[in-house]
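The structure is given below, and queries will be raised subsequently.
Naming follows writing order (A, B, C and D), and every chain is counted from residue 1.
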Amino acid sequence: MDKLAAEEIYYEMIRGRAFEYAAKEHYMQGDISGFLHLDIGQEGLSVAAIKAFEKGDVFSTYREHIMAMARGISPKAVMAELFGKAAGVSEGKGGSMHLFDPSHFFYGGDAIVGGHIPNAVGCAYARKYQNNFDGVMVVFGDGATNGGAFFESLNIAAAQKLPLLFLCENNRYAIGTEITRVAPFEKQSHKAEPYMPALEVDGMDAVAVYKVIKDAQAYIQKGHGPIFVEAMTCRYEGHSMSDANRYRSAQEMALCKARDPIERMKRVLTERFGMDEDAIGALEAKAQQEVDEAVAFAAQASEPAPEALYTHIFVEGGSHALS
Amino acid sequence: MDKLAAEEIYYEMIRGRAFEYAAKEHYMQGDISGFLHLDIGQEGLSVAAIKAFEKGDVFSTYREHIMAMARGISPKAVMAELFGKAAGVSEGKGGSMHLFDPSHFFYGGDAIVGGHIPNAVGCAYARKYQNNFDGVMVVFGDGATNGGAFFESLNIAAAQKLPLLFLCENNRYAIGTEITRVAPFEKQSHKAEPYMPALEVDGMDAVAVYKVIKDAQAYIQKGHGPIFVEAMTCRYEGHSMSDANRYRSAQEMALCKARDPIERMKRVLTERFGMDEDAIGALEAKAQQEVDEAVAFAAQASEPAPEALYTHIFVEGGSHALS
Amino acid sequence: MLYREALNKALDETMDLDENIVVLGEDVGLYGGSYRVTEGLYAKYGEKRLIDTPIAELSIVGNAVGMAIGGLRPVAEIMTANFALLAFDQIVNHMAKLHYMSAGKITLPMVVRFPQGVSKQLAAQHSESYEQMLCAVPGLRVLAASDVNYAYHALKHAIMSDDPFLFIEHELLYNKKGEVDTETPIDPFKARIVKEGKDVTIVSYLKMVDDVMAAVPKIEEALGCSCEVIDLCSLNPVDYETLKKSIEKTSRLVMVEEDHKTGGYGAQIVSWAAEEIFYALDAPPLRIAGKDTPIPYNRTLELASIPTPDSIAEEIVTWSRKNNV
Amino acid sequence: MLYREALNKALDETMDLDENIVVLGEDVGLYGGSYRVTEGLYAKYGEKRLIDTPIAELSIVGNAVGMAIGGLRPVAEIMTANFALLAFDQIVNHMAKLHYMSAGKITLPMVVRFPQGVSKQLAAQHSESYEQMLCAVPGLRVLAASDVNYAYHALKHAIMSDDPFLFIEHELLYNKKGEVDTETPIDPFKARIVKEGKDVTIVSYLKMVDDVMAAVPKIEEALGCSCEVIDLCSLNPVDYETLKKSIEKTSRLVMVEEDHKTGGYGAQIVSWAAEEIFYALDAPPLRIAGKDTPIPYNRTLELASIPTPDSIAEEIVTWSRKNNV
C-alpha cells in the first residue's frame, strides 16, 4: 500500500466513523428511523476491503453505509436515504439497509441475513459467462455462516469455479448471540475449507485487510474459482439502535477498543509515511465537514412524491420490453 | 458379525430385492402408482445399517421400503401402503414415499430432498434432553448434501453435540445428475469434516456397513456428539419408475453390478459361515414366499373409507388436549 | 400487563407445568428475545429449555418438528414474519402434513410464533404479513392475537394442544396494555365482538382491530350509524357463526386488514360471505387493505401503503354514501 | 404440438435470439428436464446456458436473481411447486422487491417456471398449488398456462420482458395436444374466453379449464342453459375487464380451482366480484375448489380431494337449482 492509498483509506475510515455518529445522533432526534446498524469499530475492514477490491461487483448486508461510500456513492446520497428523502440513493424507498447503485457496481444492502449470498453467486456466474474474472465480493457476518443460503453458495461457487470472494466479517456476535454458542468453533473459515482456500486476517488492521483482499482478488482473476477470507473484527455499538449491548462486559469492550482500527491506521500514516499531526488534523476536519454537508443536504432534501409509492413495482412498459 | 446376524441380514436383503421387483411388477400392472423409488443394488447398505443401528430412531427418505421392513414393519403393511390400502402402514394416505411407524422408531419416508434432516436433528435434541444417547440415524442421498437443510444440520448437530448419525448413501446420482457435476468432489463426507468425524465405507459390503454403523453408534452413545458415515453405493434401476436410466452407460452399470451386495453377502455366508446352497435356497424361497404373501395381502385388502379423506388433519379433540 | 408480558406469562406458566415444553429461536434465551417476550425465562429454565439457535429459520421450524416427534412440545420463535419464508418448506410440507401422511401416527404438538406487519420504517424485507399464505395450508391452526387477554389465553391453548399452531403477533402490539383475566377461560377459536352495533359489521384482526376502533367514532359521527366491530382472533378455522349472526343483523360487511389487497386474507372472508350469506348483504362488501406495493422505507409512503384510522374512516364513509347505506 | 413442446419452442426461439438467456434447474440440461420441457436444448446451447444445478431451490432462484443483476436473463425451473417453498425467501424478499427497494436501479428480467397440482398419486408433498400465495406478492407477474398456444406465447413474453415472472404449468398438461399459431400475437395478460355462453360465467385456469370444459355439456344438458367459460391466463394482474363484461351478461359467477378452498386463489376473484360488481350478480357466486386437506396418496381419496368434471357438473347443477338460476 502506498501513501496515497493509505491516506485515502484513513480518510474514508474517519469519514465513516463521523458519518455513523451523525446517523446515530439524527436517529435519536427522529430524523432517521427503522433499523440502523452502525459500522463503528469495523471501519478499517469495510473501507480497506472495498478499496482493495477495486474492480468487480460488491454485495453487502444491512451494515453497509461505509462500504457504499467507499465504493463511490456520495455521503449525501447515503445520508439522504437514511432520512428517507427522494435524493437518497434508493429515493427513500430502501433506507439504511438497502443502498443500491449499479453504476458503482454496488448491489445492497440486504436485510435477510445471508439472503444476498446466492445473489452474489448468480452475479459471479454472469461475470464468468461474460469472461470477466474481476469477480464479485460478497460480504456477510459470522451469523450468516450458519444459514443454508451460505452453505449452498460455498458448494455451488466451488462446483462451478466461480470468481467469487466470500468475505466474512466475524465480529463474534449475531445480535446478542455469541458465535461459539451456535457454531462448533469460533473461526467460520473452517466451513469453507472443504471447498476453497480460506484465509484469515485481523479485521482491525486495514493494511492487512487491504493486502489479503488484493491477493484474493488476484487469485480469482486467475480463474481458480472462489476464495474465502475471514476478518476478525468488533463492533463497538449495539447490533442496531434498538440493542442496548448488555451482553458484552465492559472488559470485553475495552479489549475491543484497544485494537481500534482508526488509531492503528493513524500510526501507519505517522510512523510509516511520516505524516504529521497537522496533515492528519486537516483530514479529520475535511471528513467532518463532508459529513456535516451530507446531513445538511439530507435535512433540506425533499420528501418523495406521494406517487412514488406506486412506481418501480414493475419496469415501466417492461412487460413488453422485447416483444 | 455372528452367523445369526449375517443370516438375518442376508435374508432381509434378498427379501428386499424380491419385494422391490414385486413392487415394480405391480407398478407396471397399475396396482401401485405415484413415485416409486426402488432400492435394488443398495439392499446391503439399507439392511445392514438398520440392523446395526439397533436401538434409536431412524429418519429416512422416499427410497425406504427395505429400511422400513428391516426396522420391523411387516412387508404386508408396506406393500399394502404401496397399493394405497387401509391396511397400509400409513393407511393408504402416504404411499411409497411416506412410511411411518413410531412404534418401530421409524419416521419416514420424506419426499422433500433433505427436508427430514432438520427433523432428525430436532429428534436428536429430544433424545439428548431425555438423556437417551442411542441417538438418531438420518439417511439421505448424495443429492441431499447440496441443500441448505443438510448444511444447517451439520452445524447445529455439532454446535449442540447431538447424538446424531448422518448416513449418506452416495450412489453418485441425483436422478440424472452425477454428483461431480454439482459438487466440487465425489465424496460428500468432506462436507462434514469441519464439524465431526467423517467415516467412509463400501456400501456394497453389508458386513463393512454393519461394522461402521456399530462403531458410529458406539461413538454417539459416549456423548461425543454427531458422526458422519458415507457409504458409496449404486442403484441398479432408474431413479424412479419414470426414469429410463439413459444417462449411465452399459459399462458403468456392469461395473456396478459386479459389486453386487447380495452376491457378496452370499459369499460371506458360504465361505465364512459354511452355509450350504440348500440352506441358502431355503432362505430364498422363504423370502419370496413372504413377498408373495405381502402382495396377496395388499391385493385383497380394502380401500380406505371415503371419510378417511377428512381424518388426521388434526388430532381428534387435540386442540383441547391439555387445557 | 403488557401484551408481551401476557405472552411471557403464558410461556412461563405452561413451562412450569410441563418440562417437555421448550422454547427455541434466535436470541430467545440469554438475550431475552428481541421483543422481550421470553425475558427472564432463560434464568428460570436454563439453556436446555430456552434454546438459542443460529440464524437458520428452516432449521428452527424443522428442528421443532423433530423435537415434537421425539416427545417434546416445542414453541419456536421466528424473529420477524419475513424470515419465516425461509421455513415455508418445513411449515407447509412437514409441520402441516406429517400427521395426515402418517395417518395420525405422528402428532406434532408445537407452536411457531412470529411478529409481523408494518412497524416503523423497517422497509420491504421486514414489514410483511403472511396470514393469507399460511391460512391456505390445511393442517395448521392459525391464531392472531390482537389483545392482551387473548394473547395470554390463546398462546397457552396453542402450547397445550396436540395440534401444530401458528401464532401471529404484531410488532406494534408488544407494548399494548390490558388486563388478563386468568379466571375466565376463553375459546381461542371464537371471534370476539369488540363493540356491538347494528348498522355495519367491521371485521378485522391483529393490530387493525385497534385502528378500526380508533376510526369508529369518526364513522359513527359522519354517518350517524352504529358499527359492530369483530376481531376474528382465529384466522383458521374461522368462526363463521359469529360473523353470520352479525352480518344478518347489520346487512353490511367491511373487512379491514393490513396485508396487501390482492390475494389478501380478507378475500376469503368476503368470498365466504358472497357465497354463503349473499342474500343477507344489502350492499357490496368493502375490503380495506394494504396497497399492492412492497412496503417503502419513507414514513409518509409507508403510512400511505396500509390502512390507518383516518383512511379506514374515510373509505367506509365514502363507501357508505356511495351505496346509500 | 404438445404443451411441453410449445414451452420448449418458446425457450429455443428466445435463446436463439439472445445469448443472455440461460436456463437453470435440476436435471434441465444433460437429462433434458424431468418433464422433458428442456429436451434438446443442452445439445444445442451447451452447459453454460443449460445449467444443471444441485438440489438447492433457494439457490436456484437466488442465483437467478444474481444472474439478472449481472446482465443475464435467467429462466429457472423448479421441478415441482412444493419445492418452490424452499425458495420463498428469494421469490418474495428478493425477486419481487429488489426493483422497488432500489427505486428501479436494479431490474430483474427473469422467469421462474414450475409445474404444480395433483398429478397421479404423488401424495401430499408433491401435489400442491401455490398461486394463492404467490399472487399475494406485489412485484411479481404470475401467468398460468392452460393451453398449448398460450404456453408458447406467454412463456416467450415472460422471457423477453424486463419484469420478474412466475410461470405456472400443470403436471398433467405436458402431453396435452394443440396448435401453436406463431403468426398471431397474443396479450398474455388478457383472459381467454374459451367458450361463449349467456347464462353463467365459469372462471377457471390451468388444468381446471379442461375439467370445466368436460363438465359443460353435462351442465348445459341438465339445466338447459349455456355456459361461458373463461380461462384467466394471467393470475396477477387479472383481466377484470373481461370478467366484468361476461358477468354483466350472465349475472352468475362460478369459480373453479384446484387449490384448497380455504384461502384459495379464487377467493380473490369472488371477493372482487362481490366488491366491484355486486349488483350485476343475480345469485350468490359459487366456488368449487380442492378440499381443505393435504392430498392423500390413495387414488380414490385423491380424486375426492379435488374438483373433477363430474363433481364440477354436480356442484353447479345443485347450486343452480338451489338458487333458481
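In this section, a residue touches a chain if its C-beta (ideal position, glycine included) is under 8 Å from a C-beta of that chain, and two chains touch if they have at least 3 such contacts.
Everything numeric here is computed off the predicted structure, so don't read it as measured data.
Chain centre most remote from that of subunit B: A (centre = mean of CA atoms). Here B-D and A-D are compared, and the pair linked by more C-beta contacts is A-D. Averaging C-alpha coordinates per chain places the centre of subunit A 36 Å away from that of subunit C. Between subunit A and subunit D the centroid-to-centroid distance comes to 40 Å (mean Cα coordinates, whole Å).
Computed from the mean C-alpha positions, the centre of subunit C lies at a distance of 29 Å from the centre of subunit D. Annotation for subunit B: residues touching 2 or more other chains are 90, 92-94, 98, 110, 112, 115, 146-149, 152, 155-156, 159, 181-183, 308, 313. Among all residues of subunit C, those that touch two or more other chains are 53-54, 56, 58-59, 82-83, 86, 89, 93, 100-101, 123-125, 138-139, 291-294, 296.
Per the touch definition, subunit D reaches subunit A in the complex via residues 18, 22, 48, 51, 53-54, 56, 58-59, 61-72, 74, 89-90, 93-94, 98-107, 109, 138-139, 141, 156-157, 160-163, 185, 189. Subunit A makes touch with subunit D in their complex at residues 57, 59, 90-94, 98, 100-102, 107-108, 110, 112, 115-127, 129-130, 148-149, 152-153, 155-156, 159, 311-315, 318-323. Across the complex, subunit C is touched by residues 58, 82-83, 85-86, 88-89, 92-93, 96-97, 100-101, 123-125, 128, 132-133, 135-139, 236, 259-260, 262-276, 278-279, 281, 283-287, 291-294, 296 of subunit D. Put simply, subunit B touches subunit D in their complex at residues 33-35, 81, 84-85, 90, 92-95, 97-98, 110-115, 143-144, 146-148, 174-177, 181-183, 247, 303-304, 306, 308-310, 313. Residue ranges on subunit B touching subunit A, taken from their complex, read 146-152, 155-156, 158-159, 181-185, 190-191, 193-195.
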